[in-house]
Amino acid sequence: MVVFRTAPYGSIYSFEGLENVVMMAAYEQDLTVLFIDDGVLALKKGMDNAATGIKDFSPTFKALEPVYDVEKLYIDGDSLKARGLTLDDLIIQPEVIAADQVDKMMEDQRNTMIF
Amino acid sequence: MVVFRTAPYGSIYSFEGLENVVMMAAYEQDLTVLFIDDGVLALKKGMDNAATGIKDFSPTFKALEPVYDVEKLYIDGDSLKARGLTLDDLIIQPEVIAADQVDKMMEDQRNTMIF
Amino acid sequence: MLHMINKSPFESNSLEDCLRYASDGSPILLYEDGIYGALAGSALEARMKEIMAKHDVYVLKEDVALRGIEKLIDGVKEVDYSGFVGLVEENKAASW
Amino acid sequence: MLHMINKSPFESNSLEDCLRYASDGSPILLYEDGIYGALAGSALEARMKEIMAKHDVYVLKEDVALRGIEKLIDGVKEVDYSGFVGLVEENKAASW
Amino acid sequence: MKFGILILEGPYQHEASDSAYNFAKAAVEKGHEISRVFFYQDGVLNATKLMDVQRDDRHIQERWTDLSKEHGIEYIVCVAAAKRRGIVDEVVAENFKIGGLGMLTDLAIEADRLVTFRA
Amino acid sequence: MKFGILILEGPYQHEASDSAYNFAKAAVEKGHEISRVFFYQDGVLNATKLMDVQRDDRHIQERWTDLSKEHGIEYIVCVAAAKRRGIVDEVVAENFKIGGLGMLTDLAIEADRLVTFRA
């Protein structure tokens, strides 16, 4: 299981976490990906890197399900709400879960990496 | 002016900030050093690095005044108190100031580096 | 002083720490992940409005665009890198 | 799950974030700058006691010694690296 | 048990690689197997043999190399992360190997416990 | 005005060096002088010429070198910080120079404004 909890761009956690998900998707049919805390911000629509040249990796997040067959995508609803966002603001619509489901989700997987 | 606001050891900000202070002390007679927020933790007495091998740099903090002639040492009293510490817990006793003096202290110096 | 904040206030206390020291009237620049402090409708909006009663709050346009943020809290001022340089012309800078 | 916290709770929200997700009864390990959460007499002590009503809280001894901390909040358990390994034997681990 | 270790930060700047080293050492001393240590993100910077450290400080790369020699632990440095940070074959120290991200996937699947050390 | 820039984090891992670059560029475009860019802590990692970047991403070291060539900006890489991180003369890119911490002190005294880019 891979968890995104860091904001994109300020640090590389989100981007290199995503490169890792793409790789895992090729091996692991049952891969679970979860977005929580500032990690939800990586899915914001409308990113524009023209002025900074920093690589925009949101197309790869968008491709997770259709191209890389990652179907188990989840997001913490409270994290979204705290940031004034809804699923409509995002480039993909992961299944919304409640925070108290997370510990068990991690427990049910062999290993968890948090980026 | 050099400000320490980061906890020691978890990151190198405190240690390399201190190396910079030692260098500045040789050039700048009027150097001001301020400890705020988690930066006050770098002055805790009783550090023991035997089990980790990570360099204990507290002797250099102790030497700032007697060896390197840095006389303008200040500390935010509220930062200490919030962490359950008093001046007696520290290896040196900087002059205690209030938080609302800090902005003007920075303004009065040519430049400020925060570590 | 210009107080520069580059960490998400949802994750880091650097903005609140800085405010303990910043004099009323000193400008605050949110850049890098700091710009998330200006998200309209967030749980921090009420707090940001309190802050804006005492400080001019700026966000760096390029970092806002990079992150796809459209709706900023009313009254937050956008500056581009040239405006950022302008703020540093007018003020000494502290990076928290 | 063993929840591992390595950032100072005076500066980072990682401990509070983690607690939103951690099930009651899951152990928490404070290491690196995370150990400052266990400082006796701090402004966080009351909050840590609430947390300890639901979670066993451990601190890594080597990091406590490195930082010269003597007085820990009552009830915090000290483990050395061997004890840290023991906690990971008993629990899957999440690093926040 | 089979442990896997994932390191996401560079030496000296953060304590992460110190913690990872001490954890790895304690785990092998307790009789566990470390299947692999995977260096990712700035973690790849642990692998440079060009590190030159003051005498009174620990030498993080040499310490890793010694631990691997003593216990036969495999160190993999992520090629993609390493490239963009200037960690190439010529500068990689003894007992570190550059390898693909797939070796992190393998580790996550194979290890009984994967422990991440990060900022 | 004379600007000084201090960079405390490495490329790619943090946005700090991107912000510093964009700030420096905007400052010279507005007619300011950049007295010096000082690379300290993990900031020294910006200077490695071994960086090898995917085609669709910015090449942080080359971008710095180009900016210096165009505007004659001096880049100093702190020798103490560089040594412990494996940044030595052989890997330092064009227009970067390894120098002592005293050059940061000079900069702090000389520059009208010193701006730090950090984590």
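By letter and in written order, the chains are A, B, C, D, E and F; residue numbering begins at 1 in each of them.
Everything below uses one rule, namely that a residue touches a chain if its C-beta (ideal position, glycine included) is under 8 Å from a C-beta of that chain, and two chains touch if they have at least 3 such contacts.
Given the structure is predicted, the values throughout are model-derived calculations rather than measurements.
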Shortest path length from chain B to chain F (each step joins two touching chains): 1
Interface numbering overlap (same over half, different under half) for chain C and chain D: same
Maximum centroid distance from chain E, chain identifier (CA atoms): C
Farthest chain relative to chain D (centres taken as mean CA coordinates): F
CA centroid of chain E to CA centroid of chain F, Å: 28
Chain A and chain C: spacing of chain centres that average the CA atoms, whole Å: 26
Centre-to-centre distance between chain F and chain D (centres being mean Cα positions), rounded to whole Å: 37
Two or more partner chains touched - positions in chain D: 6, 10-11, 17, 32-33, 62-63, 80, 92-93, 95
Shared interface positions of chain E, touching two or more other chains: 12-13, 15, 22, 41-42, 54, 57, 113-114, 116, 118-119
Sequence positions of chain B contacting 2 or more other chains: 9-12, 37, 52, 54, 111-112, 114
Interchain contacts, given as pairs of chains that touch: A-C, A-D, A-E, A-F, B-C, B-D, B-E, B-F, C-D, C-F, D-E, E-F
Complex contacts: residues of chain C adjacent to chain B: 1, 17, 20-23, 26, 92-96
Complex interface listing, chain F residues touching chain B: 4, 6, 8, 40-42, 80-81, 100-102, 104-106, 108-109, 111, 113-114, 116, 118-119
Residue numbers on chain B that touch chain D, as the complex places them: 6-11, 37-38, 41, 44-52, 54, 56, 58, 81-85
Contact set on chain D toward chain B in their complex: 6-8, 10-11, 32-33, 36, 39-43, 45, 61-63, 65-71, 80
Residues of chain E touching chain F in the complex: 10-13, 41-42, 45, 48-54, 57, 61, 83-88, 90-91, 119
